[in-house]
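Here come two complexes built around subunit A, the first alongside subunit B, the second alongside subunit C.
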Partner chain A sequence: MLTYLLRRLLLMIPTLLGISIVVFTVMALSPGGITPQALTSGMEMKPEQRKAIEDYYNKRYGLDKPAPVQYLHWLNNVSPIGFISDEQGNRGEFSFNKPMDLGTSFQYGRPVSDILAERIPITLLLNLVTIPVIYLIAIFVGMKSATDRGGSFDVGMGMSMLALWSIPTMLAGVLLLGFFANIQHFQWFPTSGISSREALDMPFLPHWGQTGFVRGFLLDRVWHLVLPVICLSYGGFAALAKLMRTSILENLHSDYARTARAKGLSEHDVLWRHVFRNSLLPLITISAGLLPSLLAGSLIVEYIFSINGMGQLAVEAVKSRDRELVLSITWVSGLLTLIGYLMADFCYTLADPRVSYD
Partner chain B sequence: MIFPTPPSKFFKTKNMQKQLTIRDWILYSLLSLLIVLLLLTMYQIDRQWLKLTEMEAAMYEQSKDMRELHSSIASGALPAASVANASAAKDVAPAFKRAQAATRLPDYAQGDWLVDPLEANLKTLTPLISTDGYAATVQSFVQESLVTRDPDTLEWQGLIAKSWKVSDDGLTITFQLRDDVTFSDGVPLTAEDVVFTYNFTINEAIQAPSDRAALQKIKEVKANGKYEVVFTFNEPYFLSISLAGGSAILPKHFYEEYLKSPQKFNESKGLLLGSGPYKLLDPKNWSPDKDTVELVRNERYWGDVQPAFNRLLWKIIQNDSARLTTYRNGEIDSYIARPVEYQTLKKDEQVTAKSQLFEYMSLARGYKYIGWNQERGGKPTRFADKRVRQAMAYLTDVNRIIDEVYLGYAEPAIGPFGSKTKQHDSSLQPYQFNLEKAKALLKEAGYEDKNGDGVLEDKAGQPFEFKLIYTQSVEDYKRLVLLLKDTYAKAGVRLIASPQEFPVLVESLEKKDYDASMLAWGGGLESDLYYVFHSSQAKEGSNRNSYKNTELDKVIEQARSTVDDEKRMPLWQQAERIIYEDQPYTFLVRTKDLLFIDKRIANVQMTKTGLNFGGLPQENYVPLYQQKYKQ
Partner chain C sequence: MIKPLISRESYAARVWRKTLDGVGVKVGLAWIALLVFAAVFAPFLANSMPLLMSKDGVISAPVLQYLSVEDAWVLATFFVALMVYRLQLGAGKRVLLFLLGAFVAAVLVNWVVKPPVLVIYDDFRTTAYTQVDWRIMPPIPYAPTDYLRDLVSKGLEAPLVTVGHTHLMGTEESGADVLSRMIHACRISLSIGLIASGIALFIGVIVGGLMGYFSGIVDMLGMRLVEIFEDIPTLFLLLTFVAFFGRSLYMMMVIIGITGWSGYARYVRQEFLKLRKQDYVQAAVASGLPLSSILFRHMLPNGIAPLLVAVSFGVAGAILSEATLSFLGLGVVDAPSWGQMLDQAVKSSTFNWWMAVFPGGAIFMTVFAYNLIGEAFRDAIDPKLASKAGHS
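Now for the complex of A and B:
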């Protein structure tokens, strides 16, 4: 087991290198390229300011050097093994445990790690709420429709899940906002952000105050998350519920289920003790992609509800050719994808005793 | 896994069943619940701690005030000062006249908040390193400059400066500062701070390249006593007053430490302190990860008229429809509409019932244009011929563009200057659409449809077609280009539309690898033609179309070095006439601002520069009976 783990971990290094090379090349070859001109993309900027800014970027980020040199420079900064360079960029001695530096964002002028540290908690919160919702609803609906195959619940859910799955998020988000956050219809939820200004002055937990019910910071946050979470989750649980249903049905008709029934087990026991666990395997396969998506965020939902998450950051970075930021984001999400696959492989051994890596 | 594999099958099945019992599930969920609760508690304690530090800071501030008060009472300075204040109240500085008039309105009241939307996330609030207009808006309420423009007459008037004098050669400007100005932390503003602002900005380590470039004309800034500053220029420069007096004054005691650690300043998120009527609650630790920007009233504001609102709040709402819904719900006080949207909203009763509508042309509005590239690969293009450019101007039906693309909410741009600025020569009329004239001009230049395919050919037999590059991200441009393509085709000119991503567009411009480009320039109350139209800027500067006219060069140079307004304006008008004749650009439109403002905001009026909404000194307020926010 340990050798297997070690092998997998070591294999990650060339994979990550490959990812960074591909991303860097794509960035360098993209039309327009990484030039200071592209970074000063203010449409209505005064002409005299532009040149000064361009010169500054060239000097600060070394954008006038050839691309391979820029890549090696970046790699050296990111990896824990390499040359230590000082403030002026002069090469110092070789070290095996130097600090990893993700670089400075062109667009923000701040260290990339700082920016990521600001955005990650928000996306994480959103996804940590969304993913359990997706899985709970998917498993519940899938189970129920499979056991009630052909019944009214199955047919109704089958249709509505298909319908939900086909609604584009963009439309759903705007409709939800237009109907459930609008004074003309039902103003039940807030229109933007993840907390309101008033909540900053409230205590944490909801309670009855002198002026009536005070929702507190916690409930305020939950209240703000309702619409975004609906938007983020409906596509996911619609697809997973279908998958879960098929998987359970398949297992219910398999030989071991028949054997269990022949053994005299009740249908309940057959379902929960034997079939359920086996049916989870496809869901586990899908969950491998979960860890990176935890941080990837969703551009559309974030944009509609004005949430500053990773999705917006990534797209903004690509649009403005903010190389250090793009590289860091892909690098981090690449790492998480690999770890996600590794964890999914381990989850198989938990759910299915036939799988082992020795 | 390190254990030997269990020999009996029994062990395995038992183990397997054990994992599935309901009791285990409950145990696990209880455990995770506990962890979540623990995390929440930690978070809660953290919040308490933050609140406590905030209160501590406020307490410190108050005790400082008290101490100062005590000491001034003890020294007997207070009665004199209060008398001075009382007499000053009768005779306010000219900059505060309009604001004072507002306070005399019958329903004037202080209090309430002004809540505005921001369309994009802020990157930083620190002055100099912030580059977007949104940050500049927020900063303008916190930091003040020596002089401002009078919105009625557009003349400069003193704000922090009491008076100023320009030397006869136009090379030195001496400002006399008011002696009663303090920053929001109580430290008095002196000439030292003005000098520091200059020295700080030109420091190479500070990330302010564009501000630094602008200051190159200044030779030195010297403090002459506590309340006198002398700016010396390298050469006479027409924008010298705005350059010297128009930039925000940074408090020396606050920003000085960052000269030692410029990196900290360059990477900061919100270091903002000034003498303005509003301040950040915590001037050092603002951070962009909140959804709002909040300024509170500066209780120590030195100005003759105190601002009306207790707080200014900006909500960051990126999505257009979310912003509109928020405005409908009454949670923000203003909404900027696009032309199409404005037309529908004008008929929407829910919106009109609660809004004041404003459609106006801001004086400082920039213009959209098509630039004709006159030199490509060292050889002159077909657009190097003045007659061709004039023909294109006659072919561009600007009135139709205004009607169909901008629904009437724009005006034709005649030249580089706004039609109400003093730089503009009001005798010039926009080129009207005239197919016959255009055809005649093109024929004169040697273009004829020889093979009868509907497209003109030049003398060498090449068809008259050109590629127009423009940014794909602006929705209006797509419709505009379709319209142009249609009208140009009538004269046998073929336009090939080439929408591009902005970085790609910029690359083509840099390499001068294009036929024509549709772009926009930002405006100003007085704009400088040097960077865009002077021939010295053709190689590397913003004169990307390699337009050269020696006569214009001379006029621009002369105008820039003329400090006297009376003499300079005719020169600008002359320059404009040359550009009008040469048509290096086909000038398209200046768009109007379309704005909805909530009815509770009172005294919103048009001024010469635009609207008096959101400017300083503040003239808007909310009458008492309509106030919403009590804090």
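Now for the complex of A and C:
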């Protein structure tokens, strides 16, 4: 198991390198590319001021050097193994455990790692709340339609799950926002963000205070998350419910289920004690693919609900051609995806003892 | 006794018949046909100028005078496609003939059609065009880029509330008719869906085919490449590409194609790994056929059916990608698109439901239609899978 884990971790390195090369090449090949001139073009300033800023960019990021050199420069700063370089960009000695430096964002003028540290937890929170919701609904619907095969629930759900799966996230988001968080219709939910300002001073749990009911930090957060989580989850559970149904049907007709029935077990026991656990396997394999699609989905959801997560940051970063930020975001999302794959493989061995990776 | 059935039906014909069996797929095909119709005849369905009018005894067709090169080319290509479809030829010849026809049409149209450079839509509502003996207007008498300045359109008006001029689906931000814009936007959605997934398929088949055929080291390197493209969430990659490479329609097609090939490559690789040790492939190798012939004439036709299912879902994905990019404000700038209209639904301080329901509904219906077709197609190709899934 350990060798397998090590091999997987080592295989991540070329993939991550590849991701950064692809993204870097895209930016370097683009018309105009990343030049200090392009970065300062929109601003109103005196020529000498402009010159100073351009010189600063050139020095700080090596933007006047050829693209491969710029890439190696960036890679050297990011990786823990490499040359230590000081503020002026001079190369120092070689080191194996130097601090990783994701660079400074052009747009915000702050270290990228700081910005990411603020934004990633928000996106992860969204996704981690969404995943259990997806699984619970998918398992419930899949189970119900499989046992009711050919019935009205099954047929209706089959069609509506395909329809749900086809609804674009943005349409769902815009409609939910428009109808349930709007003064014109039902203002049941907040329009933006993941917590209101006053909630930050509230105690964690809801309680009755002197002024009446205080909803507390937790309830406020839940209240803000309802619409975004609905938006993020419906596509996932629609796809998984179909998968769950197929898998249960397949298992219900298998030999071991027949044996269990022949032993005289009730259909309930056959379903829950024998078939159910085996049917979960495909759901686990698919969970690996869930994370990248959730990350992409949260990009749209964050844009619609103005949540300051990584997705919104990505949109802002590419719009302002913020090279360091774009590279770091794609890199981090790639890393998260890879970790998702790895975790899915491990869950697979846990659920099915027959699977072994050695 | 089960009576043996002798069927002279070819595999393709049988799959096609079984695909068309369901209700869902008919709905899907009908919707696509409607979109194709709207895309081809857009200038005749929604335009500010009369289709045909008679003034002082002279009959003229302003729509034809103002037909842009693109409009004319789409029309010509549509008729070329119809003609090619009627001909009794092999599939490869048909595709070649169609491409040739489309190219000839493009050259001819560029040479013949010379529309006026400047179009002032307000002019069509002056007496020069209204005081006529008779005239036939298009069903929706507003062009997609006609912002109705002379009619004092305030923009973002709900359907059927405007006095004096009717907008079945309201008006958008700058005052143009939503239905008209939606009809013209069909073109972008359909063409992006087909061409982008065509590009993705082309790259995917070549990379995947080489990977599956050679296996070994080529396979390993190729799989790393596929993994790289799979591990970056597609939308992030798309965003980066679009933001840095400009936002023209053709660029978008290429970009969506380039970012979407990894799934096809995986599919083709899997098929080819299965096929490469088959006798007929070995025979083809032994008789010294060139690589391209082995890959594309002998192996590909045997692995293409499941691939087409993936394409059907892929088209839906490409349409969705375009809509998403437009929605995020990174879409095509100068032409109307569904995603961009959807973005306007919540952009202003009020919620404009018609901007969400109609364009969003169109995106949904199109994606749904392609998904329905893909699903039906998959069940037709693989009856084992269908019975397993309980469709029986």
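Assume the second predicted complex is superposed on the first by the 329 of 358 C-alpha atoms of A that agree within 3 Å, B and C clash if a C-alpha of one lies under 4 Å from a C-alpha of the other, contacts with A are read in each partner's own complex, and residues count from 1 in each chain.
By our rule, a residue touches a chain if its C-beta (ideal position, glycine included) is under 8 Å from a C-beta of that chain, and two chains touch if they have at least 3 such contacts.
These numbers come from a predicted model, not from an experiment.
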Partner chain(s) touched by A:66 [first = subunit B, second = subunit C, both, neither]: neither
Check whether A:14 is in contact with subunit B, with subunit C, with both or with neither, and answer first, second, both or neither. second
Which superposed partner A:114 touches (first subunit B, second subunit C, both, neither): first
Under the stated touch criterion, which partner chain does A:182 make contact with: subunit B (first), subunit C (second), both, or neither? both
Is A:174 touching anything from subunit B or subunit C once the two structures are fitted on A? First, second, both or neither. both
Could you tell me if A:99 is touching subunit B, subunit C, both of them or neither one (first, second, both, neither)? neither
Is A:264 touching the first partner subunit B, the second partner subunit C, both, or neither of them? neither
With both complexes superposed on chain A, which partner does A:1 reach: first (subunit B), second (subunit C), both or neither? first
Is A:304 in contact with subunit B, with subunit C, with both, or with neither (first, second, both, neither)? both
Overlap of the subunit B and subunit C interfaces on subunit A comprises residues 30-31, 174, 177-178, 182, 184, 303-304, 321
Interface with subunit A, subunit C side, in the complex: residues 24, 224-225, 227-237, 239-246, 316, 320, 323-324, 327-330, 339, 342, 345-346, 350-351, 353, 356-357, 360-361, 363-364, 367-368, 371-372, 375, 388-390
Parts of subunit A lying in touch with subunit C, wherever the complex brings them together: 14-15, 18-19, 22-23, 26-27, 30-31, 146, 149-150, 154, 159, 162-163, 165-171, 174-175, 177-179, 182, 184-185, 245-246, 249-250, 292-293, 295-296, 299-300, 303-304, 314-315, 318-319, 321, 326, 329-330, 333-334, 337-338
Seen from subunit A, its contact residues with subunit B in the complex are 1, 30-33, 35, 37-38, 40-53, 55-56, 60, 104, 107-111, 114, 118-119, 122, 174, 177-178, 181-184, 187, 191-195, 197, 201, 204-205, 217-218, 272-273, 277, 303-306, 308, 312, 321, 350, 353, 358
Given the complex, residues on subunit B that touch subunit A span 1, 12, 16-17, 19-20, 40, 43-44, 47, 121, 123-124, 129, 131-132, 207, 209-210, 212-214, 266-267, 269, 287-289, 291-292, 294, 313, 315-319, 321-323, 325-326, 328-331, 350, 366, 471, 501-507, 510, 519-522, 524, 528, 530-532, 537, 540-542, 631
